[in-house]
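Working notes for the structure below.
We just call them A, B, C and D in the order they show up, numbering each chain from 1.
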Amino acid sequence: MAVRVSVNGYGTIGKRVADAVARQPDMTLVGVAKTRPSFEAAVAIERGYPLYVAGGGDLGAFRAAGLRVAGTLEEMIRASDVVVDCTPEKTGQANSAAYTAAGIRPIFQGGESATVAEASFNAASNFTAARGKKSLRVVSCNTTGIARAAALLREKYGVAEWEATIVRRAADPSESDRGPINGILPNFKLPSHHGPDVKTIFPDLRISTLAVVVPTTLMHIHVNHVRLERPPASVGDVVEAFRSTPRFHLFRRWEQVAGTPQVMEYARDRGGRRPDMMENVLWEEGISLQGNELRFFQAIHQESIVVPENVDAIRAMFELAPDGATSMARTDQHLATAR
Amino acid sequence: MAVRVSVNGYGTIGKRVADAVARQPDMTLVGVAKTRPSFEAAVAIERGYPLYVAGGGDLGAFRAAGLRVAGTLEEMIRASDVVVDCTPEKTGQANSAAYTAAGIRPIFQGGESATVAEASFNAASNFTAARGKKSLRVVSCNTTGIARAAALLREKYGVAEWEATIVRRAADPSESDRGPINGILPNFKLPSHHGPDVKTIFPDLRISTLAVVVPTTLMHIHVNHVRLERPPASVGDVVEAFRSTPRFHLFRRWEQVAGTPQVMEYARDRGGRRPDMMENVLWEEGISLQGNELRFFQAIHQESIVVPENVDAIRAMFELAPDGATSMARTDQHLATAR
Amino acid sequence: MAVRVSVNGYGTIGKRVADAVARQPDMTLVGVAKTRPSFEAAVAIERGYPLYVAGGGDLGAFRAAGLRVAGTLEEMIRASDVVVDCTPEKTGQANSAAYTAAGIRPIFQGGESATVAEASFNAASNFTAARGKKSLRVVSCNTTGIARAAALLREKYGVAEWEATIVRRAADPSESDRGPINGILPNFKLPSHHGPDVKTIFPDLRISTLAVVVPTTLMHIHVNHVRLERPPASVGDVVEAFRSTPRFHLFRRWEQVAGTPQVMEYARDRGGRRPDMMENVLWEEGISLQGNELRFFQAIHQESIVVPENVDAIRAMFELAPDGATSMARTDQHLATAR
Amino acid sequence: MAVRVSVNGYGTIGKRVADAVARQPDMTLVGVAKTRPSFEAAVAIERGYPLYVAGGGDLGAFRAAGLRVAGTLEEMIRASDVVVDCTPEKTGQANSAAYTAAGIRPIFQGGESATVAEASFNAASNFTAARGKKSLRVVSCNTTGIARAAALLREKYGVAEWEATIVRRAADPSESDRGPINGILPNFKLPSHHGPDVKTIFPDLRISTLAVVVPTTLMHIHVNHVRLERPPASVGDVVEAFRSTPRFHLFRRWEQVAGTPQVMEYARDRGGRRPDMMENVLWEEGISLQGNELRFFQAIHQESIVVPENVDAIRAMFELAPDGATSMARTDQHLATAR
């Protein structure tokens, strides 16, 4: 029988998780919860997702807008086995007690602190350890991107030390009221929180990160310098490792992808439910090896990279797949079919 | 028998026209022509579009990239009834003689001067007059947007005079090497060329336009002031007119669409082959009426608004539909189905 | 004896007004008031401006920063004849009663509603009518720009009707936490408030405005269409009128000023206390005339255009100059000398 | 007797070098050479700099603009002891032979390859070794910024290894026709050229750099990770070292400088000939120390940081100062006086 999944919070991540869950044959989307009417609520209803009103929400406003409401957040939760909490940062923690009281298993996002759940999760890194957990936290977009690469590099070559600069997008494309215009803002937490967050997945990884915010909405870029324990045979060996690993997309030189604008253009060209890049994006010419010193750029689509991870987190929690590779393959196949 | 259509030039417009033609049951996509390999060429092949190499193109580069080439531009043209020329501005004129020599009917884009073809075209405005023409020019994105609104307003209320400011996007999303950062550039052609271009569709329309370029890639915005000949009963009457006319999309206040970032977010939410807005975009709260003075904003998605118009131009040319309304309905239905 | 002037609020406008007042021989800068320490407070002290702590301000924070404080806002006001209120929008109204109680004459900025003061003010337009007033409001940057042009055009040619599109900068250069990235936001007040605000200066002017916000920090651009009552002899006549009027700066074609980035580059090249453009900026090739239809672009430096107007407002209030032309000449001379 | 200095190329760097040279009592500005009239040429004449027409330039265009020309580039060079070549990248190399033939000593900029001159130069790093050279190359803005910091850190603590990410501005503020909007472009040269360029100053420094381009015009940001040879006593020790070294500007926490927008706002507030930051900019809270691992951000104003270095290069060449510290103090004093 399919696991019954509801999504609380229908913003950038929530709406994508709803789309992804709706496509998995071993899951049923019970509904999505939102506080206010908007074009996004209207599209949810058009797509056939039952729409529930979240706690502080205004039922009258939905009615005035002519949007059919299926019930309250509480009703949605009662009808579900698991809730994916996609509410704004730090709100998940506040919702936690209500989920526990309702006897539902929650999955939180990376904006919450690690203590919100039994374990932090990344499909390629610790699926097996997460099996059967009563609550999980899918790590943030940047942490997910690093964890995926770390899972690969640790296994193939060992990682002695990792230094990364996170060049962060200032806002998501539709957030038209925030972010710097024409400036760069350093993150004055040195090292930044990304390194410690990766250690919620790989506690023994030696990693340190610094971050700046720049005026773009498309993607983050990670500038990575990794000292490997075992030198690869050649840079081509590393390139092939990235190319053949699920959830990595490697552009070739002739594809003429100069940066994040062309990456997202590719996402639009490729098609699918949305123009998303759920993979870590690398460039063949953006990988360099000197002895055991590996340097590479990777671009991270902050809006979508954690989406398949949420699906896998549900499978881990309910032991719907024996291991991460199996779950990831299933998730990705159904997301691609939907394309 | 389906009309055989080829697309010369596979950039922003060309790739969208190819997608749209491939979805029309009364048309067959013969192929697309491109000069250089790129991620876009790879996607074309993945989608099953035969790829031809345009004149100055380098066959060796395609081979080195592992991209299967179906033949030359000349071969593509010989197998077609009509070619949609989507080459860079002013290149269409240069291609014109070759099309004529090959006995194929060309459709040009708005970057060419009006004399390139027998007539300039907009589906809602002059479909009937374009029937059976040997060559057509689909007017540019801004002109298309104005022509659609003019067709509606002229019929319902009459237009005494129209003044518009065109706030232009500086570059398309994937053009990462051009455009101002943090500045506004006036167009020192006063009035701008948009007014005269609209007159290739409506010769007797009294219209004058001015333009500025701003650092955005998403959409243009038109700021319109129209003196109507016959005052509408109310602003609600005008709102309903826009709402009920094909190829207009009207946002309601509760949808919380503050500007172009949310419009394109809606396009991504709505889904479809690409996150495009082929409609003129208006806002309920962005329309005002004082007597017979109508003011309204409309947003124009420069990448896609002319795409359905190219499909209709083919139908006009080959008399596949009795009138514009029939053709537009057919085009839009097949584009929507593909969503 | 010099008029004693204090400045309450030391942000974008306040710091420039302080600089300008300090340069006028018929005025003494008593001091400036600020609520929190910052690099701007430090520069004020370096420049010798006595620094006072405004009401809600934290004296301890200034001390911890090592910034010498001269006293409280109340003390500053008691020592002054006039206070220029440059506090954030709508705060001036709240301060009004305290100014009245202290028996000091206030000058407010355009962010306040017109009722805050006895009259709204623009030096070129209504200096004489403002003489001796007990309180004044200097109209906002966009209104100032339009009023200056209206004063000139009304006198020389008469204005039958004026339509303008205001293309607004989203944020000031140092406001790194707001404003859209990569989008255009229409102002859904149609017509926008700018037209009515101009009428606080010219009650009988027929003017209507619409506005959009764009992602730039440098300047606003006005796109103007003016129907004149008396046709000018030629466009050259209008060009010369703008060129020979104080507080207009007209770029010639050979100067290669493509837009606002080059205007502000010119301001940096020209030098002075700050890289400001206190003049309305026009382009020779950005003015067009067809019969009595005048079209022109003007760029408005939102940070500085109202600065000389505040100086003139003080002169009007205290009858330090017989007319606007005399005051403006004096203000501008001392600002230029300081360059 | 003052050294006679001419400046060939009057763009971003050239105009600033001219301003700086004009302020040094031991130098005479012979003139500046430019190829085309522009607002910048007009300002040069207003400031009293003799204007010469460079080789390919059009004398007629200057005359038509009413700009007085003092002569040709060749005449300017004949009247000079040294020419500072500020022509576009790679043009300096082409000019080299003409300078040699004229018997004048050239100073080139960092856009030329290192072989263009006898030595690469940075005042704090190798002034003494540069004394008496017949030609010098002032290293680029990013290299200058790193060299200054390296000179300091090497002397005080020793540098075992340096890794930096260069987050580059896409265009200068007045370059309104280039640069990405809303994207990040990785530099696919890994490591980037900046590391090797620093080694033209410090051949034995172990440094490696990576770079990305972002849509801003204000400043570059360097994200630095340095392994020191001798651990500092505390982070405060490092902070004080930066604070007390010439050509470093360190912001304190209470100054509320969130990033490059506020840095350049400070430059405008501080005043001077232009709103420039010729110092390396650091933040107290942007420096972290863990053992001997130093991490810090520095912002580099690409338009002005090399300007004082060009002045010092002249002094080194003509042995006008015994050492770098003396020359730098003199240069900086006269630049500040001019403020």
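Keep in mind that, in the parts below, a contact is a pair of C-beta atoms (placed from the backbone, for glycine too) under 8 Å apart; a residue touches a chain by one contact, two chains touch by 3 or more.
Remember, it's a predicted structure, so these values are computed and weren't measured experimentally.
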Chains in simultaneous contact with chain B and chain C: A, D
Chain located farthest away, centre of chain A as origin (C-alpha): C
Gap in Å, rounded to a whole number, between the CA centres of chain D and chain A: 42
Chain B and chain D: spacing of chain centres that average the CA atoms, whole Å: 47
Interchain centroid distance [CA atoms averaged], chain C/chain D, Å: 35
Residues of chain C touching at least two other chains: 173, 176-177, 180-183, 185, 215-217, 258-259, 261
Partner chain C, residues of chain B touching it in the complex: 163, 165, 167, 180, 182-186, 188, 190-191, 208, 210, 212-219, 221, 223, 225, 258-261, 283, 285-288, 293, 295-297, 299
Of chain D, residues touching chain C in the complex: 15, 36-40, 42-43, 46, 61, 64-65, 173-177, 181-182, 217, 251-252, 254-259, 261-262, 264-266, 268-271, 273-275
Residues of chain A touching chain C in the complex: 170-171, 173, 176-183, 185, 215-217
